[in-house]
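There are two complexes below, and they share chain A, which is joined by chain B in the first and by chain C in the second.
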Partner chain A sequence: MGLIRDLAIQGVQMLLVLALAPLLTGWVRKVKARLTRRRGPPLLQPYRDLWRLMRKEVVLAENASWLFRAAPYLIFAATWVAAALAPTFATGLMFSWSADLIAITALLGSARFFLALAGMDVGTSFGGIGSSREVMIASLAEPAMIMIVFSLALLAHSTQLSTIAAYTLSSNVGLRVTLAMALVAILMVAVAENGRIPIDNPSTHLELTMVHEAMILEYSGRHLAVLELANFLKLLLYVSLIACVFVPWGLAPVGSGALAALIGLGAYVGKLAVGGVLLGVFETSLAKMRVFRVPDYLGAALMLGLLGALLLFVSRGGLR
Partner chain B sequence: MMAAPAISLLLACVGGLLALGLGAIGLAAIGLARRPRTGALIYAASGIVSLIAAAVALNALLSAGPPALATLPLGLPWVGARFRLDALAAAFLLVVDLGGAVASLYAIGYGAHEREPQRILPFYPVFLAAMNLVVLADDAFGFLVAWEVMSISSWALVLAHHKDPANRRAAHLYLVMASFGALCLLLGFGLLAGPGGGYGFDAMRGHPPAAGVAGLVFGLTILGAGSKAGLVPLHVWLPQAHPAAPSHVSALMSGVMTKVAIYAFIRIVFDLLGPPQVWWSVVALLLGAFTAVLGVLYAMMQTDLKRLLAYSTVENVGVIFIGLGLALAFKAENLALAAALAATAALFHVLNHSLFKSLLFMGSGAVQGATGERDLERLGGLIGRMPQTAFAFLVGAMAIAALPPLNGFASEWLTFQAVLVSPLLGTTALKFLVPAVGAMLALAAALTAAAMVRAFGVGFLGRPRSPAAQAARETDRWSRAAMFVLVGLCLAVGVLPGLVIDALSPVAQAMTAGRMPVQAGQAWLSIVPIAESRSSYNGLLVLVFIAASAGLAALAIHRFASRAVRRAPAWDCGFPDPSPLTQYSAGGFAQPIRRVFGGFAFAARDVVDMPGPGELRPARFTAIVRDRIWETLYVPIELAIGYAADRLNRLQFLTIRLYLGLVFLALVGLLLVLAIWV
Partner chain C sequence: MTGTLGIDGRSRSLGAWRAVSVDAAVWRTAVQTLAAGELQLIGLWAEPGVVRMALGDGVGEAAVLELACPDGCFPSVGAAHAPAIRLERALCELYGLTAEGAADVRPWLDHGRWAVSHPLGAAEPSERRTTYPFLPAEGESLHQIAVGPVHAGIIEPGHFRFTVNGETVVRLEARLGYVHRGLEGLMAGADLDRAARLAGRASGDSTVAYALAFARAAEAALGLEAPLRAAWLRALMAELERLANHLGDIGAICNDAAFALMLAHCAVLRENVLRTAHAVFGHRLMMDQVVPGGVASDLDGPGEQLVRELTATVRERLPALTELYDDTASLQDRTVGTGVVAPELARRFAAGGYVGRACGRAFDARRAFPYAPYDRLNFRVPTRAEGDVNARVWVRIDEVGESLSLIEQILHGLPDGPVRAEPPAGAGEGAALVEGFRGDVLAWVRLREGRVERCHLRDPSWFQWPLLEACIEGNIVADFPLCNKSFNCSYAGCDL
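== the complex of A and B ==
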């Protein structure tokens, strides 16, 4: 019985993130539109876009290889698995121990690896520009993320997300400088990783400023739909990750009943809504920065993460 | 199998390889070595002998019996040639012989391209035999002789294409650095043996030197083994020599010979030198971290595919030294479990790097054979023309970029876990150093992914940049078989890391006296280094999840939405340009990273020469990347040696009276030194 229930919870989690991801992006778009006094597209527009793209035929460049066609599914799968392993409404998911926070970061790295390769497959200049910038951003964002993981892991004595969430829920957290640094750093990394303003503009089609859009320029039809969905999932993953580590309240603990799960679900949707509003406000209040200012921005995130970890190393005996 | 027959069998394998080398010399003497079939025969025989040796080593590693000893009546008269097969030797023999077997399989096909096989065939089996002997040796004399044979045979292999002046220069540099390394090891062993002259390893193990001497030996070992392994700043020969050799030898040199150097470091520092001191670990960690980051930054700047891979070897040696440095630190502070974790991570990475670096060099050899090009700027579009090689290279690139669920990630993950237990360390210097090293490790990992995207993306994807790349054809079936064996091993080791950790645990125990928990009993074959609430990883499940979700998504979309495909010209934002030169080049791809890191690491500058209005000359863009280590460290040494040689040259043209006078003065000087010292 327990096994079936655990499997069911894991399955619900996988479907939940898939179902909610486009909604979150639609919500962020709506918030941004309202902040700039536009009415904006309806909340459900991302779903309609996906369905429309899926039904269209794929227009494939003549020299596109198998990698170009396989990459969207691999990117989607890696992102989906990563998103499904982060606790959303309940901790102690059945398979959450199969990949810890380092592995989740690396799964996103795999997705990016294939995305950058796909950008170079057709052999156009825009694909190259996108891939080249993406790996530059990643070469700083990924170590910054690892340093944040270090800070959290040293505090919670674990790299497992469930344990970290349980640690933040427990009473012995208090106010910690490291946690604050990690929070600022992870927010900065999340903005960069999702290609949001000020790093990249998700709605731009001005060629020379694109990063993400440049890599997927040659994609169309269902391939584009899958890539878009993967991108929605990534945004959702980062919001869930930050929510689960820094505001885990409401998460249903291991083996709790249906009521706790429902409360957890409600809390989760609420967190997503708040996260979407904050992201929208942040994006509308900033301008995009030049590509070569990005290293400064990400370098700051890396240093914050490193300082946070260093403080822990120096201030205490560490993991016992 | 009993332990004693195992070592006899291994020595017989070594003897067989040496005999093969002699036989190849004989065949070359009567002119038969030029025939392709002779080469195939020698490679096949080397491969079979290596495979037998690998099987014996694996069996010895898994049975974990007591060390087996053997003595041959060779070498120093009062020591003999002693050999010993313990867990550490067995693990490294497995790496050496597995690499040797696969490289031989590859060479059966690849060797047919060689124009002068008689320059390779005699040295190849000797090289393999010498690497085996280094690992088996149990006395300093035998170790150093085997080490030198390994250096010289690989030097001869680097010189296989001796008509290219760049190769001659590389071989010369290699010879100089190898002599330097061997000198350091010689002095180190001399200090270890002490005035009594106990050149057997058991004598050294029994009487570890005092702290000061041990520190000196440690420094000499870092110089000697580090120069062979490619630690920055002793790495300069490696990216020149490894690419110069034929590709199967490059695979052996990068994938296997650097591991023999790491074996030498482990054998001396962890086994012979007694209890470590904390500052050793600081040195190893600092060197490892700088090697990792600088190695991958260099790799990012290269356009020669094989040189890029050689620099990436430098990076991986850095990662291994980070693991070894952590193990030393934990061992020095008596944290046995953590030390075992760090040592296992380092050993795991040794195995992994030997697998994927051999694979990548073989892929680059296949590309070179098919196109005659190593320059990324003249490749491109090979995924359509060499699909199987491209797939194998892609898997190797993913593995080295530490992407789950392949093997590179498993060892990288273990190293991170070792970093995460390091707040246990009491020393203040280490408390500051270890998080910084962790950050450098993460930076190196991310940059490796970037370098591999660049190598694969420019080399295999896009449109062909030269007629040679346009006309490329898939490589022969032996080479493909060898590459796919390695692809399979990379995947198998990646999804079942627990088995490898268990197999390595006797080695880690011998190194650090600690033992990681047994992984075989974990649910779903996951790995749990310390405790499940702490951290766990399951490569198998990750693979299954990714495959299942990708398959499900593709199936659902093809079934319920659309499966129509139309081929059309590339869109490229509406301005497609038919010239393949409009693609991003390897240099252009690296430009953002060159701008971010290059200023500090290479004094990199971009010079744009823009002609004024009305001028007819073309605009020029030059990217200047300087090798600061070469300029600050090696150029002065080169100048000093040249200066001294010029001055000493005068001694060549003296009269006989002056020579006699000099001899007399030297004699008096030596006697004086003796009189004062003794």
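== the complex of A and C ==
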């Protein structure tokens, strides 16, 4: 009985992220539109877009290989699993033992690997440009992410998200410089990883400046829908991750009842909404940076992560 | 001063300028003078058996050289003076003339898809070429990126061929001509009304400038002078057009650096200008409002009030936007030092408008060849020295201020009287240079029995496109949209 219940809760979590991801993107778009004095598309527009793309025929380049057709599903699967692992409204779910920061980073890394390959598969110049830029960004963002994971793991003595969340909730956290540094660093990495301004512009029409959009330029129909959904999921994943590690309040603890789960759900939606507003404000107040500034930006994130980890070693009472 | 730049030959009047019939030797000398940088090219055009070249000293004197070439051959201008190359390529394939000694004989407007070649000359059936050799750039690890003519955004069609080394642009070559409508062919034989409408459609965002250039050229040909009030109203429309386009551009340049906030605010201001134009003159872009002999609609009391309110609104909101532009470090990081045009190139190409002014070339047709009412108005020609995207934005911002001041002066001094004089069905030849928002628009027209026999309109972008290609070299590919938007050259205006 307990097994079925756990499975059901885990299933709810998986469907929840899938259902909420387009809404979060729609919300960020709405916020950005309001900030630039526009009415903006309806909140539910991303769902409509997905539905529309699903029904459209797929136009494939003549020289597209099997990889080009398989990549969207691989990318979607990896991203969905990663997003479903991160605690959203409750900790200690059935698969929580695998909700490991390193596992999530690895899943996203493989998704990116396939996307970069798919971008180059058809051999158009834009796909190549996009892939080369994406890999350049990734080669800097991933080390920064790993450094952040190290800092958190050193603090909480685990890379498991449930444990880290429990640690942040516990009374012995206090004010930790390392946590603050990790927060800033993960925010910077999240912006880069999701291709938001100032790294990439998700709403641009300028082929020559694109990164993510350039890689998926040749995709259409259901392939594009699946890739878009994977992208929505990735944004949701990062917001969930940051919420779970740094503001875990409201998360339903292990084995709690329906009421706690409901509170957890409410808190989660609230966190997503706040995250969306913050992202919208951040993006509106900045111009996109030159491609060759990205290393400086991500270098700063890497250094913050590194400093945070070092600080733990040198500070008094850092490692017990 | 004879008004012929000291060039020998039989001369006749074109209104403000004179046309000089020259022989091949004088033509060659003039080309050498151009190449030496003593004179600047204003235009180069043809009709069957005749080539014309407008030259200016860049300050206040200009002349049109006319070379008869009954055998269809004329000494190439582009061979010695690069700014003429594309004009020469265009006129050669439109009229079937041959430029002797030309370095670049590739087609320009004709993409091999016309039913006839040399449509305004002999008009033989076309052999339909399809390949177009781009200029080569060779070296290890270079690759090409082909962009356009269909773009992801809603812009005019044009093809850009980049040769890049990683992210760095080694060479850019543009290929235009996708919106060729056969304007000169349509003009030939059209009556004045239709010709004025056609001229106003050469480049939609500069419709007032084009209509004004055509109207002034036609008036010069007919020896007609537009009523004073009409001249002032024309200037009002021209400044409103400049205001709308500059405001739109300032926002759009920032948007190409993904800073949508500026676009949002600037677009509102631009929309205010367009709505005021619609309320006052009956058309958002003021299309077909400037006609030979005057203007099509008069400004009434309520209209004047609307324009006053508009200038007040823009004056009130602009400082905050300028500050936002100047204080956003991430935006400045993109625009400062990007796409630098060398002052020497701008001078050599006689680049007009903000492109020239951003690198110190203070040419303004309103100042160099003053026409009513600018000879009686106070305005500054803002210049910058840096020649980068930032300088082009700042020239625009400064020009918005100048246009606002001009509009206020016009409203203050607007004389009473009729706004239109009926043009007689006469004959003659005239030329006019008018300052549009992009730069100087040249119109030359020859009328016979009240109809246009030949007409040529030269867009300022002819001399700006090559500079865009030059300024992107050494920059990164991702900065091209920003540079391109800061030039905002016209495609339609050049494609004719």
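Note that in this section the second predicted complex is superposed on the first by the 314 of 320 C-alpha atoms of A that agree within 3 Å, B and C clash if a C-alpha of one lies under 4 Å from a C-alpha of the other, contacts with A are read in each partner's own complex, and residues count from 1 in each chain.
The definition used in the following text is that a contact is a pair of C-beta atoms (placed from the backbone, for glycine too) under 8 Å apart; a residue touches a chain by one contact, two chains touch by 3 or more.
Only a predicted model underlies this, so the values are computations on that prediction, with no experimental measurement involved.
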item	value
Partner with the higher number of touched chain A residues, chain C or chain B	B
Touching partner for A:Ser98 - first (chain B), second (chain C), both, neither	first
Partner chain(s) touched by A:Gly40 [first = chain B, second = chain C, both, neither]	neither
Partner chain in contact with A:Met289 - chain B first, chain C second, else both or neither	second
Which of chain B and chain C A:Pro253 touches, first, second, both or neither	neither
Which superposed partner A:Ser125 touches (first chain B, second chain C, both, neither)	both
Partner chain(s) touched by A:Asn201 [first = chain B, second = chain C, both, neither]	second
Chain A positions touched by chain B in one structure and by chain C in the second	125-126, 129, 207, 291-292
Chain A residues within the chain C interface of the complex	32, 35-38, 125-126, 129, 197-198, 201, 204-209, 284-293
Chain A-touching residues of chain C, taken from the complex the two chains share	143-147, 151-153, 167, 254, 256-261, 263-265, 268, 328, 330-331, 333-334, 476-481
Residues of chain A that touch chain B when the two form their complex	51, 54-63, 65-67, 73-74, 76-78, 80-81, 84, 95, 97-100, 102-103, 106-107, 109-110, 112-113, 116-117, 119-129, 131-133, 135-136, 138-143, 146-147, 150, 153-154, 157-160, 163, 207, 217-218, 221-222, 225-226, 291-292, 295, 302, 305-306, 309-310, 312-314, 316-320
Chain B - residues contacting chain A, complex	380-381, 383-384, 387, 394, 398, 401-404, 409, 413, 416-417, 419-424, 428, 431-432, 434-436, 438-439, 442-443, 445-447, 449-450, 452-454, 456-458, 461-463, 524, 526, 532-538, 541-542, 545-551, 553-554, 557, 561-562, 564-573, 576-577, 580, 582-584, 588-593, 595-596
